[in-house]
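Every chain is named by a letter (A, B, C, D, E and F) in the order it is written, and numbering of its residues begins at 1.
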Amino acid sequence: MDKLLTLWTGSGLFNLSGGQFFMICVGLLLLFLAIRKGFEPLLLVPIGFGGILANIPEAGLALSAAENAIHFAKPEVLAALAGILDVSYQAGQSVTPEVLDAFKHAYKLGSYDVVQQVNVLAQTLGYTNGMLYNFYSVSIASGVAPLVIFMGVGAMTDFGPLLSNPKTLLLGAAAQFGIFGTVIGAALLDMTGVMDFTIMEAAAIGIIGGADGPTSIYVSSILAPHLLGAIAVAAYSYMALVPMIQPPIMKALTSQKERAIKMSQLRAVSKKEKIVFPLVVLMAVVLFLPDAAPLLGMFCFGNLMRECGVVERLSDTSQNALINIVTIFLGLSVGSKLGADKFLDLQTLGILLLGMAAFCVGTACGVLMAKLLNVFSKEQINPLIGSAGVSAVPMAARVSNKVGLDANPQNFLLMHAMGPNVAGVIGSAVAAGVMIKLLG
Amino acid sequence: MDKLLTLWTGSGLFNLSGGQFFMICVGLLLLFLAIRKGFEPLLLVPIGFGGILANIPEAGLALSAAENAIHFAKPEVLAALAGILDVSYQAGQSVTPEVLDAFKHAYKLGSYDVVQQVNVLAQTLGYTNGMLYNFYSVSIASGVAPLVIFMGVGAMTDFGPLLSNPKTLLLGAAAQFGIFGTVIGAALLDMTGVMDFTIMEAAAIGIIGGADGPTSIYVSSILAPHLLGAIAVAAYSYMALVPMIQPPIMKALTSQKERAIKMSQLRAVSKKEKIVFPLVVLMAVVLFLPDAAPLLGMFCFGNLMRECGVVERLSDTSQNALINIVTIFLGLSVGSKLGADKFLDLQTLGILLLGMAAFCVGTACGVLMAKLLNVFSKEQINPLIGSAGVSAVPMAARVSNKVGLDANPQNFLLMHAMGPNVAGVIGSAVAAGVMIKLLG
Amino acid sequence: MDKLLTLWTGSGLFNLSGGQFFMICVGLLLLFLAIRKGFEPLLLVPIGFGGILANIPEAGLALSAAENAIHFAKPEVLAALAGILDVSYQAGQSVTPEVLDAFKHAYKLGSYDVVQQVNVLAQTLGYTNGMLYNFYSVSIASGVAPLVIFMGVGAMTDFGPLLSNPKTLLLGAAAQFGIFGTVIGAALLDMTGVMDFTIMEAAAIGIIGGADGPTSIYVSSILAPHLLGAIAVAAYSYMALVPMIQPPIMKALTSQKERAIKMSQLRAVSKKEKIVFPLVVLMAVVLFLPDAAPLLGMFCFGNLMRECGVVERLSDTSQNALINIVTIFLGLSVGSKLGADKFLDLQTLGILLLGMAAFCVGTACGVLMAKLLNVFSKEQINPLIGSAGVSAVPMAARVSNKVGLDANPQNFLLMHAMGPNVAGVIGSAVAAGVMIKLLG
Amino acid sequence: MNELMSQAVDLMIAGMGFVFSFLIILVFATLIMSKLISRYSSPEPVIPARTTRARSSAPTPVDPGTAEAIKKAIAQYRSRHKK
Amino acid sequence: MNELMSQAVDLMIAGMGFVFSFLIILVFATLIMSKLISRYSSPEPVIPARTTRARSSAPTPVDPGTAEAIKKAIAQYRSRHKK
Amino acid sequence: MNELMSQAVDLMIAGMGFVFSFLIILVFATLIMSKLISRYSSPEPVIPARTTRARSSAPTPVDPGTAEAIKKAIAQYRSRHKK
């Protein structure tokens, strides 16, 4: 009887909070979007599922041992933790919600060594890290998962179109205005008092405008880990929405005549150029932006493995087994940040709004940059390929192609748009490096 | 000369204990059973090999740095460890076997932080963790390996037969009597003074009756890690013996007429039902048994990846590269628990006996439940599919089919038995969750 | 402006040291050798790339959190670290290069617990481990990566030729003179005052003569981790140079008549022998050299998985996805040891010289051993297969074959040379075990 | 009846009680789910129930000769690419 | 203009300045690289530019019937070997 | 002869002594094993010795045309499934 009572008071039905219920619905919505609507399913299926797991009441899958100890709130345990966390609490004292908040707050603000010590103590007292917390620590907090995915993306990327028309790198640069414009937007929201952000948070939100999943996750895990869930969800959702977000902006900023511009055939690129290019990028990183070295280094390494032709088995594995394994754990780990207490915040709304703005600004700047280039150069660029500079590989390039075909059924822009598309990946990694350097 | 002496006194021949010799033979026996008799080779080959490695004298592959330091028993090292472990030992004192036992005992009972500290000290003094100890820590102690395997099993499971006849879930429930009956059996052995068990140990032994490898390993790593080796070996061995264990029980409890019952064709199941079902199971976990969330959560996640159709590359990887990698390390890690000092114990004999009983009870209860359902329902179930409720996928279902064919050569039960078979997996995961909740 | 200055003073161009520039060139050279000349590309591509990454100024990818903290040299940080590292430094004191050297030196010599503590403190103060440092810790410092690769190599090895002519094991033994002869060579250099070595360093250098990558990395990670980069680079480079190094020695030590000896057809080997052989090797390890258990244990495990025929999916994974994943991280981790401060040392030059000598001595001893065997045995061995005893699988065997064909166009030695070739792998693992036992 | 036995009996009652409750709820939830899906969804091509894919031993038949040739080709392809 | 806004503006100026500088340098470095390679290397067969391989949807065409047979054979091969 | 040299000589004697002892034991163990197996086991089809499978360069021959078609099909299959 006693035991059945334990089971009942420990059940989800007895403990489910409104916030958890809401977040479980959000998780189901993400699954629906991924499965039925095809929104970036490789990431959103694990993220959505992880989000549901993170909100199972009492399971504490996304919590550390110390957070679980605080949640279960046994007076003697709290008394033991109080010393390390510097919270004033004695063993006899009653456990009010304010007391628990004081503990949670102290844990959240704790320095690296305090967090370590309090977790050792909690494990000594019999609490354990939740499964998703462990996944997050190993895959994201260590930084390894986004980097390995970036290596895999590098191994999947063909720089051929970019090499045959290097000028399109500038389109990838212009589109990064989306990132920094969003930082300004966040500052505006803060200045007008709508919501509060720090510069670190504003920068982490801005990176959504990079339209590149692993970069967003990597940057926000460094600058604002508490926002990582919302930022990753926004980044992948908007990447899936690119075919809806971009075309109106592209059409508004271009004339029918511009959209119908036919671009000349891309020149053929030699194998050697493709092998040397990742090394050229790496050297530029070495000389100018060491802080972009982890991201761009792994990206170039993946691409070199792909192109050099002598390590095909490594390239294959990094494009398949390895990236798949990491994606599964990365997705579940991102989901672990969709806990109700962390996600249901006014800031999340701001993130969703600003993220959308970031995509729009990036798209617009890419298109305008292409028009600007046309002013100075004889060889005309179809400005529709400028929007591909936001990255969102290969979706944005396909959008450029589709809008181009609407304007001129003989106008195949896909290959031309792949140049700025991959340039956008480099561009956002550079922007990420700058942000980490200046704020990290 | 000096050096050759070091080599000789450090050799296995010089140090091999009787227990280690015996356990090496057990390891070879497991390899023989796996390779020649086909006993669950995917697990028993790594387990058997790991068992041999764990018993190599002086190599200390299955020991932590602290255990290795205690084993080599340098007086100054022991004096340093004594402080943390709270053993009374001074640097000058002679090192008797009793002294070493005191150290080993203190280490075994040490709390999480004491174990951590003493290992840091031992590593400072130049000792290292054995290879298998590291494998065990990363794969099993962290809980990740059984969960990842469960995810892979989920991705390999087709719930179609279960969905077309959900009633068979009850057969999977009844077979779990094997688990709890075994706990009673262990209590009986304890009460009659044959051998001693705690309730945690009894529960961990009972889970063998779940006939599901990863669940057994997961539960015993939480409730009774010192028994993990014997429990895992028993679980996999008896799963391989299902075709010998089950048929006599099935025949004893059924009449020829019952065995010949022909079941109606299973209805077709839509894709949508298959996609939604893992989410239904997940919601039931959310609402009723959060403590089953790690196991059933990963299982449902794997199954959703399989059925949703949009993440085929993730599903593929979790069914192949990922599960294979984890199986290798899981098997070697389980083998690390076959050290002579841990395995050669009266309890191991109890585990082998009780584990066998668990399979028999589970089989019987499944069959009887099917007969009970036939009392209340018009649509008759062939009671032979009840035995498949113990899980042991897909072996038990094949046994049902074979015994059915013996009774009636036109009676194909395989598909019908797959329903209770996978229901048994869910049933034991639920039982595992209850045990962890009440005892963990 | 302020921020642009930060970017400029943090750029590589501003900070690049001569040593780093030189090492980046070395990294590019390794890539060139791997890609254009086909020098062991599976390892040298990641190693070369990792070497470049490790030398990006200010990025600190190969440094621990504490090393990064010391590098950035904020007075208040140094004051905090000084206590743990036992360096005399007060907060106000000016930071001279000597002071930094004192810190670096104290960190390098720090015991396990001091290193742990100072890294926790550095992380508390906001510094992080570099990406390559993390890779190194997880893959090499833990010992796991070379062992997993050895398992994969075991799964790729066919012992058939060795089993049909077990006598060739002795050729694999003789070639290990390369290892120990090099130790003598290092002692000579030390005695003559050319450069300084400890016995641990001398042994780690000697293992290059084993001509086996993972064994070299495993041994030097235990005996002399600061030399690991140079040792691994030397080992893989000379393995690639085997077709140039060996033939002159082989020809110098044999007569035309000897080289033309035709060996009798190898007898067929049964499946059972192949299954039992890895267990026989394992038992020899158990009885005689427990310290070779990690290396040879994993090797035999891989081979058993290959031959037993019942765990094909595990064998496949360990030959493909798993070994590829580990190779990528192992290579990058080895590259992390190519930092200018560690690599640009007189010792590196010694390593390159002695490593070459090791290959030559091993080759010669293998050939001479074959001639010695011919003195005592009726059945003549072609001495050219003796050189394959250094390992360098399968390159050395191919060299034997090619030199044999030069002497006698009907003389196919490839299969006969595979015996000593794989025997050499066992031989160096045994030598590694002896070294670890006596010095580790 | 000693301490352990009473704990074991308690565990059995709670455990089997819970397992049955949980799976009975699941039976009903599944039935409701199937009903809802079949009512509110457009008719779609149904998939006949199969065994667990991972262990099935009866895949789609292919002409054995072709299969053999392909298997060899795959082996060749693999050995070429694995190196 | 508050503290955050001035930080944001600073970040934008530094950031976009850097992104453009970096990519402009890369444009020139790439052009120089291509020129050097084409000058100092023997003529080699060039590879026409393709889309990102990983997501391309237009692989070399194969007769659909053969492809189907092969796909089945692969599935069969896999299911046999995965077990 | 200094300290290091004497250590090195010791290491060589112990090391080579051990390597030879170990491998000589292994020679005899292997010969005994083969003898025992051939005596106590029923005759079974023997496998002719091959090179290391992983690096072999001579797989079972397949008609090149077929092989090419299959390789294309595999590539197509992969690119479809990898996405």
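Basically, a contact is a pair of C-beta atoms (placed from the backbone, for glycine too) under 8 Å apart; a residue touches a chain by one contact, two chains touch by 3 or more.
No experiment lies behind these values; they were computed from the predicted model shown.
**Student:** With a step meaning a move to a chain it touches, how many steps does the shortest path from chain A to chain C take?
**Tutor:** Between chain A and chain C, the shortest chain-hopping route counts 1.
**Student:** Looking at CA centres, what chain is most distant from chain F?
**Tutor:** Following the centroid criterion, the farthest chain would be A.
**Student:** Suppose chain centres are the mean of their C-alpha atoms. Which chain sits farthest from chain D?
**Tutor:** The chain lying farthest from chain D is C.
**Student:** With touch defined as above, tell me whether chain B and chain C contact each other through largely the same residue numbers, more than half shared, or through different ones.
**Tutor:** Because under half of the interface numbers appear in both copies, chain C and chain B meet with different residues.
**Student:** Roughly how many whole angstrom separate the Cα centroids of chain A and chain B?
**Tutor:** 38
**Student:** In whole angstrom, how far does the Cα centroid of chain C sit from the Cα centroid of chain D?
**Tutor:** So the centroids are 45 Å from each other.
**Student:** Taking each chain's centre as its mean C-alpha position, how far apart are chain C and chain E in Å?
**Tutor:** Comparing mean C-alpha positions, chain E is 33 Å from chain C.
**Student:** Taking each residue of chain B in turn, which ones touch at least two of the other chains?
**Tutor:** Those would be 3, 6-7, 288-289, 313, 316, 319-321, 434, 438.
**Student:** Please list all residues of chain D that touch 2 or more other chains.
**Tutor:** 11, 14, 18, 53-55, 70, 74, 82-83
**Student:** So in the complex, which bits of chain B are touching chain A?
**Tutor:** Residues in contact with chain A: 111-113, 116, 142-144, 147, 151, 275, 279, 282, 285-291, 293-294, 297-298, 301, 304-305, 308-311, 313-314, 316-318, 320-322, 434, 437-438.
**Student:** Across the complex, what residues on chain F touch chain C?
**Tutor:** 1-2, 4-5, 7-9, 11-12, 14-16, 18-27, 29-31, 33-34, 37-38, 41, 44, 46-55
**Student:** Touching chain E in the complex: which residues of chain A?
**Tutor:** That would be residues 156-158, 160-161, 163-164, 166-167, 169-170, 172-173, 176-177, 179-181, 183-184, 186-188, 190-191, 197-199, 202-203, 266, 268-274, 276-277, 280-281, 283-284, 288-289, 306, 319, 393-394, 397, 414-415, 418, 422-423, 426-427, 430-431, 434-435, 438-439 of chain A.
**Student:** What part of chain B is in contact with chain F in the complex they form?
**Tutor:** 2-4, 6-7, 312-313, 316
**Student:** Give every residue of chain B touching chain C within the complex, in rising order.
**Tutor:** Within the complex, chain B contacts chain C at residues 3, 6-7, 10-13, 15-16, 24, 28, 31, 34-35, 38, 41-42, 45-46, 49, 52-53, 55-59, 61, 120-121, 123-124, 131, 134, 320-321, 324-325, 327-328, 332.
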